[in-house]
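What follows is a set of structures for review.
Here chain A shows up in two complexes: once beside chain B, once beside chain C.
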Partner chain A sequence: MFDILRELIFTSGFVSLSGGNIIMWMISFVLLYLAIKKQYEPLLLLPIAFGILVVNLPLTFLMDPEHGLIWFFYHYGIELDIIPPLIFLGLGAMIDFGPLIANPKTLLLGAGAQAGLYVTFFAAVLFGFDLQEAGSIAIIGGADGPTTIYLTSKLAPHLLGATAVSAYAYMALVPIIQPPMMKLLTTDAERKIVMTKLRPVSKLQKICFPIVTAMTIMLVVPPAAPLISMLMLGNLFKESGVVERLTNAASNELMNVVTIFLGLSIGATMTAATFLSPKVLFIFFLGLFAFAISTGAGLLMAKFMNLFLKDKINPLIGAAGVSAVPMAARCVHKVGSEANRRNYLLMYAMGPNVAGVIGTVVAAAILLKNLG
Partner chain B sequence: MMETDWSKVLEVFGSGIIGVFLVMFLLQILTQLSTRIIDFVENKNKDKTLVSVPQEAVAKEKA
Partner chain C sequence: MPELIAPIAGNVWKVLVAVGDKVELDDELVILEALKMETPIYCDDAGTVTEIKVKEGDAVNEEDVLIVID
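Right after this comes the complex of A and B.
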């Protein structure tokens, strides 16, 4: 009886428990709290937090190569680049590119915001990260979770947990991070600018846009193909109006299923050994820096464009050039309506916001081309 | 610690910024072009419909 009890204790996880495991549990509990109580990106943070918890329970071997359950999700889903493009398929089926087609100039705002990403790349190298790691950290500034995961899994897989959590955390914190930057870089008069009405966009134009975009981007930057092809296919499903079942499947069932596997796999990469290092703190700091600089670069780009435009744009919409759809656009609308109650910027900001998604994919593809 | 290849850093930095702008600018031009062509075709079709409707009405009246 005593032997059985002793064996039970010595084969349990308790004997292999380390201080690092307990710290990771604490991190998991904080993320669970943020997801459940504060509802910060709960769809992703909840499975990530649970993934962290279970992978830091000793002797479970969930991430053991060739054996662990979550390792299979991670290997087939992320290492083989299946999940991020599938998330993009669902995203495409949900996005309306209408405001962007009505005002294609906003594509440049999506490009402007990516400048912050390259500034961060430079900063990360100065902090001592190698080029691949710096590229993975810089992409956080694009505020696009699937793109961050896609690029990091290719360039610096050991940083996957930190960059993914950082990207999703800052996306959830858009309403806190962006308004101070907006107010700092724009004058009251600029924030009050009322923009001219958007022109109507026909169904045919909406159908042609994903085809033209997919062809253009894949021809110019082929490494963008996995993400951009799925994004535009999803959008073509939606705009064609003839495959409602596929649109619903891509934007609901498929998206939900892959989100579970994505979150769990990302969380499971965050073991005490890989996550508890000073580097991770730097990644969170640089991620915040990247996001703030990208917001600023978008705002400055809008101000620069105003030097040449007859119909001025409200520079606030430049801040939506980071992805974070639709949180960044909502934030722009809120700050704009605080300056001028009659200003309704949401639709105008959706243009650069969806341009930001395309811009981040292009930026990631160029980084991959140069560093991969 | 590995020594940083600063020429590579500058290359990634420069080509990245310029590359993103060029791609997005190209996309802007093509989007504008395609929407204008579609607008032109759709307006032409609309005009045709407007012209053909009264003619049909006249023919009906004559009959």
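Right after this comes the complex of A and C.
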């Protein structure tokens, strides 16, 4: 009887529990709170938080290579780079590139906002990260979760939990991080600028866009192919109007299914041993830095363009050049309407916003090509 | 006759006035929802609401007439 009891205790998780595990539980509880109560990116944060919790329960071996349940999700989904492109397929099926087609100038804003990535890359190298780690951290500035995961899993898989969580955290924190930058770098008069109406975009243009963009980007930067091909295929589903079932499957069912495996796997990479290091704090700090610089670069790029444009653009839309869709566009709209309540910038901001998605993928592909 | 035009495409979230209501400049008349964000649409001219062309839940395009004011 005593032996059975003793065995029960010694095979339980309690004896193997470490202080680090308990700290990770606390982090998991905070993320669960933010997801459930504050609704910060709950679709991802909730499975991530639960993944953190279960992987920090000792002796469960959920992430044991070749054995653990979540390891299989992680290995086949993320290590083999299957899930991020599938998320992009769904995103493509949801994104309307119309505002970008109507105003192609905004592509420059989506490109300008990637400046933060390169600044942060060098900052991370100065802080002692190796080149691959620095690339993975820099991409956080694009504020694009799937791209961050895709690049980190190829360059520095040991940082996956930290970079993914910080990318999603900053996407959720757009309404807190961006407005002060916007107000700092623009004048009241600039924020009041009302933009000229967007021209209507024909169906033919919307159908041609994903085909032409896919061909152009993949010819110029071939490593962008997995993400761009899926993004543009999803968009072609949507704009063609003839495969509604595929559009719905990509943007709803498939997207939801892979989101579960993505979130859980990312959370499960965050064991106490890998996550609790001073490096991770630096990653969060540098990620924030990258995001702020990207926002600023987008704003300044818009102001620079205004030097040459007859019809001035509202520089706020430059801040939407980071790719957090549609959070950044909403934020621009809100700050713009505070300056002039008859200013409706939402659709104008969607141009740079969707351009930012493409810009971040291209930036990731360039980093991958040079560092991978 | 002045008209309240939808400045962006979206769904009508709330109509805050009824036919016959007197409205002032800058009153909130309609709230549109686009990209999961509520956007209030403000009155451009004072007057009386004579016709409401949309109801809650309707999808509207940019430039659609929402409300007619006399």
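One rule holds for everything that comes next: the second predicted complex is superposed on the first by the 372 of 372 C-alpha atoms of A that agree within 3 Å, B and C clash if a C-alpha of one lies under 4 Å from a C-alpha of the other, contacts with A are read in each partner's own complex, and residues count from 1 in each chain.
Rule of thumb we're sticking to: contacts are C-beta pairs under 8 Å (C-beta built on N, C-alpha and C of every residue); 3 or more make two chains touch, one makes a residue touch a chain.
Not measured: the values here are computed from a predicted model.
Asks: Taking chain A as the common reference, can chain B and chain C both be placed on it without clashing, or not? Answer clash or fit.
Replies: With chain A as the common anchor, chain B and chain C both fit in the superposed model.
Asks: Which holds for A:Arg330: it touches chain B only (first), chain C only (second), both, or neither?
Replies: Only chain C is touched by A:Arg330; chain B is not.
Asks: Have a look and say if chain B or chain C is in touch with more residues of chain A.
Replies: Touching more of chain A: B.
Asks: Answer with first, second, both or neither: which of chain B and chain C does A:Phe209 touch in the superposed model?
Replies: A:Phe209 contacts chain B only, not chain C.
Asks: I'd like to know which partner A:Ala189 touches here: chain B for first, chain C for second, both or neither.
Replies: Neither: A:Ala189 stays clear of chain B and chain C.
Asks: Taking the superposition as given, does A:Arg342 touch the first partner, chain B, the second, chain C, both, or neither?
Replies: second
Asks: Using C-alpha centres only, what angle sits at chain A with arms pointing to chain B and chain C? Round to the nearest 10 degrees.
Replies: 70
Asks: Between chain B (first) and chain C (second), which does A:Leu367 come into contact with in this model arrangement: first, second, both, or neither?
Replies: A:Leu367 sits against chain B, while chain C stays out of touch.
Asks: Between chain B and chain C, what is the tightest CA to CA spacing in Å in the combined model?
Replies: Least C-alpha distance: 21 Å.
Asks: Looking at the complex, which residues from chain B come into contact with chain A?
Replies: Of all residues in chain B, those touching chain A are 1-2, 4-5, 8-9, 11-13, 15-17, 19-28, 30-32, 34-35, 38-39, 42.
Asks: In their shared complex, at which residues does chain A touch chain C?
Replies: 326, 329-330, 333-334, 337, 341-342, 344, 346-347, 350
Asks: Would you mind writing out the residues of chain C in touch with chain A in their complex?
Replies: Chain C residues touching chain A: 7-9, 26, 34-37, 39-40, 42, 62.
Asks: In the complex formed with chain B, which residues of chain A make contact?
Replies: 100-101, 104-105, 107-108, 110-111, 114-115, 117-118, 121-122, 125, 128, 130-131, 135, 201-202, 204-205, 208-209, 212-213, 216-217, 220-221, 355, 358-359, 362-363, 366-367, 370-371
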